[in-house]
Structures are given as C-alpha cells and as structure tokens.
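I'd like to ask some things about the structure below.
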Amino acid sequence: MSGGASAEKKFDLIAIGRACIDLNAVEYNRPMEETMTFSKYVGGSPANIAIGGARLGLKAGFIGKIADDQHGRFIRNYMKEAGIDTSQLKVDLEGHKTGLAFTEIKSPEECSILMYRDQAADLYLRPEEVDEEYIKQTGILLVSGTALAQSPSREAVLKAVQLAKRNGVQVVFELDYRPYTWKSTEETAVYYSLVAEQSDIVIGTRDEYDMLENREGGSNEETIRYLFSHRPEIVVIKHGVEGSYAYTRSGGVFRAQAYKTKVLKTFGAGDSYASAFLYAIIRGKDIETALKYGSASASIVVSKHSSSEAMPTVEEIESLMANQPVIHS
Amino acid sequence: MSGGASAEKKFDLIAIGRACIDLNAVEYNRPMEETMTFSKYVGGSPANIAIGGARLGLKAGFIGKIADDQHGRFIRNYMKEAGIDTSQLKVDLEGHKTGLAFTEIKSPEECSILMYRDQAADLYLRPEEVDEEYIKQTGILLVSGTALAQSPSREAVLKAVQLAKRNGVQVVFELDYRPYTWKSTEETAVYYSLVAEQSDIVIGTRDEYDMLENREGGSNEETIRYLFSHRPEIVVIKHGVEGSYAYTRSGGVFRAQAYKTKVLKTFGAGDSYASAFLYAIIRGKDIETALKYGSASASIVVSKHSSSEAMPTVEEIESLMANQPVIHS
Amino acid sequence: MSGGASAEKKFDLIAIGRACIDLNAVEYNRPMEETMTFSKYVGGSPANIAIGGARLGLKAGFIGKIADDQHGRFIRNYMKEAGIDTSQLKVDLEGHKTGLAFTEIKSPEECSILMYRDQAADLYLRPEEVDEEYIKQTGILLVSGTALAQSPSREAVLKAVQLAKRNGVQVVFELDYRPYTWKSTEETAVYYSLVAEQSDIVIGTRDEYDMLENREGGSNEETIRYLFSHRPEIVVIKHGVEGSYAYTRSGGVFRAQAYKTKVLKTFGAGDSYASAFLYAIIRGKDIETALKYGSASASIVVSKHSSSEAMPTVEEIESLMANQPVIHS
Amino acid sequence: MSGGASAEKKFDLIAIGRACIDLNAVEYNRPMEETMTFSKYVGGSPANIAIGGARLGLKAGFIGKIADDQHGRFIRNYMKEAGIDTSQLKVDLEGHKTGLAFTEIKSPEECSILMYRDQAADLYLRPEEVDEEYIKQTGILLVSGTALAQSPSREAVLKAVQLAKRNGVQVVFELDYRPYTWKSTEETAVYYSLVAEQSDIVIGTRDEYDMLENREGGSNEETIRYLFSHRPEIVVIKHGVEGSYAYTRSGGVFRAQAYKTKVLKTFGAGDSYASAFLYAIIRGKDIETALKYGSASASIVVSKHSSSEAMPTVEEIESLMANQPVIHS
C-alpha cells in the first residue's frame, strides 16, 4: 500500500455513492417535534468524505446520482465549489427525489436521524453509468456500504469495484451501515462480505464488522483472520470512545485514542475520520499517524453543527493533534 | 342545504385526507438552491381547511394517518392545540413517512413546491379505519381530491363518502388536484367524477373542473349542467384574480371578486377560501356572503408566510371585507 | 326494464373484463399432482358469458385485454369464431401474461382451481381504452366483479359504467367474486357496492352479496332493501342447489329450482346461468322463465368438461327445461 | 480438479436454483395457438441437471423453493422418486407460484417457450434458507445463472457460493442465461462475472460468455485469458452444432463434436450436456471423454419429447458414443 501510486493520476480519490441533503435542527437540545427551523447542508457519507478530502487538499471526484430539482442542483453547486469533480454526478430523469436526513439533537448522547430514503435518487445510479476511463484516473476508489443496499446502485458499485481491481486502483470500503435501506441482515452480510473480500482497505465500527460477518459479538482477531485470507491489506476497526485500531496484513497492530472535545452531536464523526485517515495514507504518512489524523478530524466535526460544512483543514487537524489531550480508556 | 343541520351534532366539519409538513423558505424571493433555512408548518389541504375552520370557531375533526415519528407527532400536537379532534388521526405502523412540501418563493408570481409524496403516510389510511359512528357525528364531511390518488386512501375516502350519504351527512368535495400523485388524467377523471356526482357541494378552480370532466377548455355552463344532473346542490368555480362563482341547483348564480392585497405567495389560498366559505354556510349566511368570506380569507393568507399558521379569525376576515377594495376585472 | 331496448342496436350485450386460459385436467377424479395432461380452453367469467350469449344467438361484443403471445391469439381466434366482436380486445404491449386457471377435479364435490393471476394482462385494460362510441351501441353492458380488483382495469370498468349510464345502456353486474385478486374484503365491499348501486341488474350468490355488503350472514330482504334504494331494477340471488331468487323493484319475487343433472364439476355454472338468464330477458321473456333458462343452462355446463366450449344452444336449454325434473329442496 | 474429492461425501452434486413445470405441446409441428393439449414435466435447468445426474447414478441434492400448491408438490414427488434429496427444497408461504414453460415446437429449428416467470416461487429462496452444513456435504455445488436474476434468490446463491469456497466445495457455474428474468445486460454481466470469477468450472455457450463479458463477438481466447486470471480451472464453451471446447488452466484445449441425431426440439440439450459432463468428471474420466459424454447425452434428449423425463442412463450414453457418427464441421 503506497500513497505514491496516485501521484501521477488525475484524482487521489473518487468516492461513489450517495450525496443527499441534511436538514439540521437550528434549535437543538430538544426533541425534533419542538424544532421549528432547519438548516440545509450537503450530506451522505461518501459525499462528506469527498468534501472532507477536498478540504484537506486531495484531488477528489464523485460518482453518484442526484435528483433533477433544487436540492439536486444545490448538491452539485456545493460540491463544485468544494473543488470536487462532478462530471460523473448523473441527473436522475425518472422523478426520484434527493435523500433527506432531518437531524434531532436532544443531547450530545441522544442524537437521532429521521431519514427520507424511499426511492432516493442516489440508489438509482446504474452500472452502465459507471465509466472505466474515469475510474482509471484515480489512486483510490472509496465505496460506501449504503450504496450496496438496493439495485441498481448496488450493481453500479459492484461494477466500479471490478473496474478498479482490473485497473490497479485501490478499493477502500467504508462500511457505513444504515439499517433502514436494507431488507435483512442476511442480505447485508452477503454484499458486505463480497465487497470487503475484494477491497484493499476496510474501515468500520466493531458493530459494522459484526454485520459483515453475520454474527454478534465478534472479535477483531476473527475479523482480520477472515479478511486477510482475502484481498485486504489494512483493516481499521473503530471502538467509539475507546479509540480505533488498524491492522495490517503483515501483522502490524496500531491504536489511536480519541481526542477530548466538547461534543455537540455524533453525526459526521465517521466521515471526517475516513477522509483524514485516507489523506494521511495518500500523503505517505505511516498508519499510526494516519489513525491520529482520523481521530483528530472526527473530534473537530462532532463539536460543530454540520457534517460537510464542518470538515477541517490540515492546519486545524494538526493543531489539534499538537495541543489536545486524548481520552484514556 | 341548511347550516342548521349540524347544530346538534358534535362536529360542524370533519375533514378527511392528508396532513403533512410544509418546509417554507425562510430566505425567499430567490431560487430554493440559495435558501439555506426552512421553517416547519403543518400543511396539506384538508388539514389546512380543518385548521382554518377551527380558527373561525367551527367544531372540527380530522380523519387521516400520520407517520410514527417526530413529524407525525408534531402534526398531532399542532392540530390538537388548534382545537381539532384528532381521535381519528391514525398512526402508520408500516414505516411510511410524512409527506413534505418545500416551498420555493422566487417572486409572488413564481412559486413552486418541491414535493416528497412517495409512499406518504396519509395515503395509507385504510377503509377499515374509517368509522361510521364518527362520521355520523358531523354536519359536513370535507373530502380532498388528493386523498383519492392512491390505494388504500382512495378506498377509505370512497367508503367515507358512502357512509356520509347513508347517514345524511353533507359531502363537500374540494378538488385539490395535485398532478404528482396521480398516474394519468384518465384515472383522475374517473374518481373525481365519481365523488363529485355523490357530493352536495363541489369547490374547485376552472382547471380542476376540466380535469374532472376529462376535457380542455370546458365552460361553467357545461359543468353545472353535468353536476346538477347528479347530487350536487352548490358548485363553486374559482377563476383566480377574476374572482369566483357559485351556482345553485335552483338556478342561482353568484360571483365574488378577489380583494386587493400584497401577495407574498400563492400557497394556501384555496384552503383558506374553502374554510371561510364553509364557515359562512354553516353559520347560515347566504351564498353571496359566503363567497366574500372565502375571498377575504384567501387574500389574508396569500400575504403571509405560511398556510396553516396564517389562517385568519372571523374578526380579521370581516374587517378586511369591510375595508378592503376588490379587484375589478 | 325492456328487452326491446336493444333491438335496433348493433349489440345485445357487451361484456367487459377478463378472457383467460383454462387448463382442464384430462385425467380427473384425482388430485392435480397426478394429472399429467391438460386441455386448453378459453375461460374467465365475462368471456364465458359472451361466448354463452353468442352460442344462444345474441349479438355480443367484448372489451378486454389479452397478452401479445400464443395464448392471447388463441383467445381472439376462439372468440371470433364464436361470433363475438373482438374489435375492442386490446393487446397488452408491456409483457403481461394471460391469466391461467388449472382446474383440479377430485370429485364432483371437490373441485379447485390453481390460479395464475399475478399481473394478468386483462387487469391492465386502461380507462383511455374504453370507447364511448362502442358502449353506445349495446343494449346491455355486462360487468364482471373481478375486473374491479386492480388498477387500471378497475378504472376502465368504472368509466365504462359511467359511459353506459350516460348513454342509456343497461348495466348488468355479475359479482363473480374471486378472493385471490383482492387485497381485503373492505376494499372489495367499497367497489362492489359502488358499482352495484349504479347497476340495473345485479346477479350473484348469497355469499357474494355478503361480500358486497361487508357483512356475514346477510338476508335477501336486507340486500334488496339496500339495493332498491339505489338504481337496480332486478336483483338475482343464487343459493346453490336450493335454487335462485329474482327480486324486482316493483315488489316481484321469483324462484327457480335447479335441474337434476349428473355433475362432473362446478366450474362454469355461474357464467352459463348468467348468459341464459340475460338471453331470456333480452328476448322479452318474463323473469320467472328467465330464471329457468339460467338454471337449465347451468345444469348442462356442470355435466361437461369445459366451461366455454360446453355453453349450450337454445334448443339444448329448452329441451332440458321440457324434460328434466328439478331438485326439490 | 479431482473427482475423488467427493468420494466420501454424502452428495456428489448439489444443484441450487429453480425447479419448475414444463407444459409441452402434445400436438407439435404447429403453432401453439393450435395446440390443444399439454403434458406436464418437471423443468428448470438446475432441476434437470440434478435429475440427469441422478439418472446416471450420482448422489444428488437440491436447494430451491417451490410453491405451496399442486405443482409444487408434483415437483417434490418427482425429484424424490428420481432419487434426489429434497430436504432443502423449501416451500414458499407467501403465495408465489411455480414457474411455467409452455413449449412450442413448430419445427426442429423453430422452437420457442412461453414463460410464466413473474414472481416465480424459486426466485424467493432467501439467503437464510441456505445451510452451510448441507453444502459441506457435497463435492460439487452446481449454480444456475438464472437464480442470480432477482433478489432474494440472487443473495441465496451468492451466499451458497461463499459457503462452498469456505468449505472446499467445487463450484460449477452453468450460465443458463434467460433474458426474460433480467433487467438489463449490464446487470447480468455484473453478477455473471462475479460468480464466474469465483467458480472452479464454468459451462456455457459462446453467446452466454459474451453476456458475461458484456461484449459482442468475443473470442474463446479472451474469455479464458480473463477467467484463468481468477479461480476457474476448467472453462467449457459450447458452439452449437460445431461442437464444444473445454479449456484447462494448465493450457489444455479439448474439443468434442456433436453426434448425429434426429432432432425433435432443442430444449434440454444444455442441461443433459451438463449432467453427463459432470458425471464423467466426478467418475474421474478425462476431460476429452467428459465432453463426449456431454455431447452424447444432449443428442439423446433433443430427440425426445421432454427434458427431465428424457434424461438418459449411462448405458444409453455409452451405447450412443460407441455407435453414432459425429457431425463433422
């Protein structure tokens, strides 16, 4: 795994999957029933990771599908302004709507999301809309698990993974498990394991790996024994406030602890983690340092109101890494 | 047609159909892409009419279905506080979401709505959830056309109309045509004509009657010849700024002109019209006066930001009727 | 109600609804698992009634939709050869298949049908395919209840009924209730009562009227009190081997007993009954005689292997009426 | 690749996928419109292969789903009597019907099939119904391409393949492409390539490999270069009357020519080919001989009326191999 691979390529990272709208409670620390105003942001895990990556200076592209309406156009405008290539952001012409996430922040510990994902436009990306020439141009293809939840988006992602492998592009799989889009845990396990086995890097929480392995209470040891018998080179497993672990095929084990911060909400932590971790890997930093970048970035985002808009710069991350104590657990 | 009929009944008016969420642009006179904040209101034509009626002092009830989530609970709370009986507001247990309407106000002339109506909870009201004992208790059953757009809400409304007729309850049909929920104009015409033929009062715009009659460029004369050969006693046809007409089976023709006002947006005009017109009829006023109540109420709502929240009181309507000039056309 | 009305019209009777394929067990008196060969016939209640009517000399037409395949073409050929006008037999171009009914005859008392009705082509007749000019040309429009089970066939039938009423065409409603195509008994009751209230003649079994009235154990007295408060002039209620009753709005009550016969299977009894009863009515016979025609025709068909192919001629019916004893019960 | 692997296992071969009903024209050499009688057989590619294998003496099992009706029970009875283990033949409890195939034999060159595959019960096998313990007990898992066409059968097969690989069971992929069950060729290519890359043996026609590779006019050289860069050890490509080729990873190329026969119809040729080829491989014969077994078995089945019932014995195949000339092309 070398960050240099993408040096001569047009893109460091291309993310594939959903780009949606977050409607964040303006009045928070209360139930959403009592929230009367909502602020609009771009959301969706792979969109956030691409935005986070671009904020850090990565050359990023995006493959996805947006609604042919005001929300869709807002997403394209926002991503463009963030510096992301949107040439492969397709427009849905069948009347599907942009996915929505209304966030409810009752307290830092009690956050929930009211999702509008029925027939969301992003799930209608078709395999024939995935272009081999585009994928060739990136060092990393970032796949978000939610894009596997329904056809035809599912087939579009499976094709993208196949094209990446055929063209020597590294596949990073961010598990990003969202129960509401899947029919059953069995179905989830089938596709999660299928893609994880073909990926170079897998990133997720301990719970998400249990989903992938179709079990409860799995251990990191079992997970890496399974995945290292297939293609993965790096497996990152997050354990919340206890910090995160990275395992390498060659036997390396690394741990990063979470940074202390004033938590406003938990949304966006995983996305900011992934973008900063990948940034560090792409820039050739060692895995232990990359984990710290991830942790630092996450701790910044959870202290702010939005996910996408709050993505930090390199300076902010490195300043926090230099000054902020970690949570010992 | 006598307003006295409902005097001893528990309710003056029970509305059946959708209750949804409006998300109104806080920053307006611009495209929605540039709107960053939205305010939340209860919306949906029959909900607005019930709210408008309750604001005017009518005893109102509501038959509908809401999502089992924060938006659904907000709707119930709001309607309760408005004084509406919500005992027949069913909760959807199959995961359907509350319908949403994002409003875009580019200018008073250029308003549009971005709708989220796919599998909206209100369309899942089932016929077995419509209770004959409840319908018996009202003088008027108000039916909104959109509730006919899909099964099983369609059958719930057809059953409610049948029960109303069987129990001597007057049926008022507000055409409320919304193209996005219907499969074809042929299908719309089938159900619109079916319900109109069985209603006592029909209210709609000239365009909506054309839809009902499955034709283009129809005339009021043809419409009333058709409808008066069936059950209707009063037919109200609205012609926008040219004012509105009411026809009675006995040959009466009445016209009301629109009141001058500073228009902010056009949403909510029809609902406020219907609630004030019906209020006046129920209170025993003559049809010409009832038309004026409708026009006055509409002109108040179009000058304000919301639909439901802006519903006027009797005093506001009567004050405007006393003081405001009409638009001569 | 006069049979003479249709004298100058092009058609005595136009049936609307399904035309399907029956696959009848060649080896019978055994479970279908052991049947190795099946014979192909045209089936479907309104198709059988039209075929039965044509066999009796009526001028018959058919409004329906067939699959664009070998089974669809077989149906058209068969109906044409039976003398039925098939100009309004539309061809489905969306890949829907012909409905199938595999019949199992374990014994005369134990007959069952294995149905293939998912997305059957006949249920895709659209309202815009129903032509007012065609309906104008008939004395009677025969509606089969099953065609109301799903959209868009449901709307096509509702439109046809509306056009019939507008043009002075008598509507005959054969309830023909088949549980497998309906979502719920509530939904069935909504549409059955809607169409029955608008029909001139209603024909069904006691069980089917209970379905229409959404009750259990209803009585003929309640049924006729309800229906005669709407449009119907004649109500025919069948009680199996106990015979059938006809009620008229003017107070007439008539009963016909079933003819003795060697029963092979029970399929097709209702369809042959309806075609012969209507034949007699159209030819100006009195209601009591019409009931006997119906009974005689049914007793012939239940003694034979098929439904459509077995439809009797006038001579066969009248010969049986002259010679065969009835079942006293 | 050694046939010995399965020697101590309970099953030589377990097939997964559809088991349906064939309704074969009794009167043939004419359009199906003129066929009045049909004979019933078990059909479906993997069912036929299992039946063919059992007829040759293999220990066979079947994983699938049948309708809860007479056709479903007929399938189970027939397979049991053929000696196949049906313990994993699940019964659909959601009302899905058995798939049907009406065959039309206009001439030996002009055969077509009228398919009833909408919501066929076999496509509803769920991943949680696939049992690892069962799959462990076989030497070979035979996967039929059609079972990949729709969810949840698709996920059931993907899971079965994963379990087979995890337990050292050889995966044989019979492409069996049927256009009517797939949404698009892109979707087909995604799943066909995914499973082919993970299989040990792949069997199909030249056209089916073009589908798998999402191209037109592909060559055998390109196909084997692609597949041998993944898991497959043997690739069999059939070219109709020109015979068939088998390629091995180690560079072997073998060809078998078709045997002369009196062709009645073309159905069933591929299934009988696969069962006899696999029989020979399992019995330890060399690949060239296995190809001859396949060709001989196919030439027997195309001369007979059914597919499943016509599956030959070892004696019939070897007798034909000994006596029948091949077609030189």
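Note that the chains take the letters A, B, C and D in the order they are written out, and that residue 1 is the start of every chain.
Basically, a residue touches a chain if its C-beta (ideal position, glycine included) is under 8 Å from a C-beta of that chain, and two chains touch if they have at least 3 such contacts.
The model shown is predicted, which means the values in this text are computed figures rather than measured ones.
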Chain located farthest away, centre of chain A as origin (C-alpha): C
Chain A and chain B, separation of their C-alpha mean positions in angstrom: 44
Chain A and chain C, separation of their C-alpha mean positions in angstrom: 60
Separation of chain B from chain C, taking each centre as the mean of its C-alpha atoms, in whole Å: 41
Two or more partner chains touched - positions in chain B: none
Category of the chain touch graph - line, ring, star, complete, other: ring
Complete list of chain pairs which touch one another: A-B, A-D, B-C, C-D
Chain D residues touching chain A - in the complex, by the definition given at the top: 126-128, 151-152, 155, 158-159, 162, 183-184, 186-187, 189-191, 193-194
Residues of chain C that touch chain D when the two form their complex: 23, 26, 31-33, 35-40, 69-71, 73-74, 77, 97, 100, 102, 104, 114, 116, 118-119
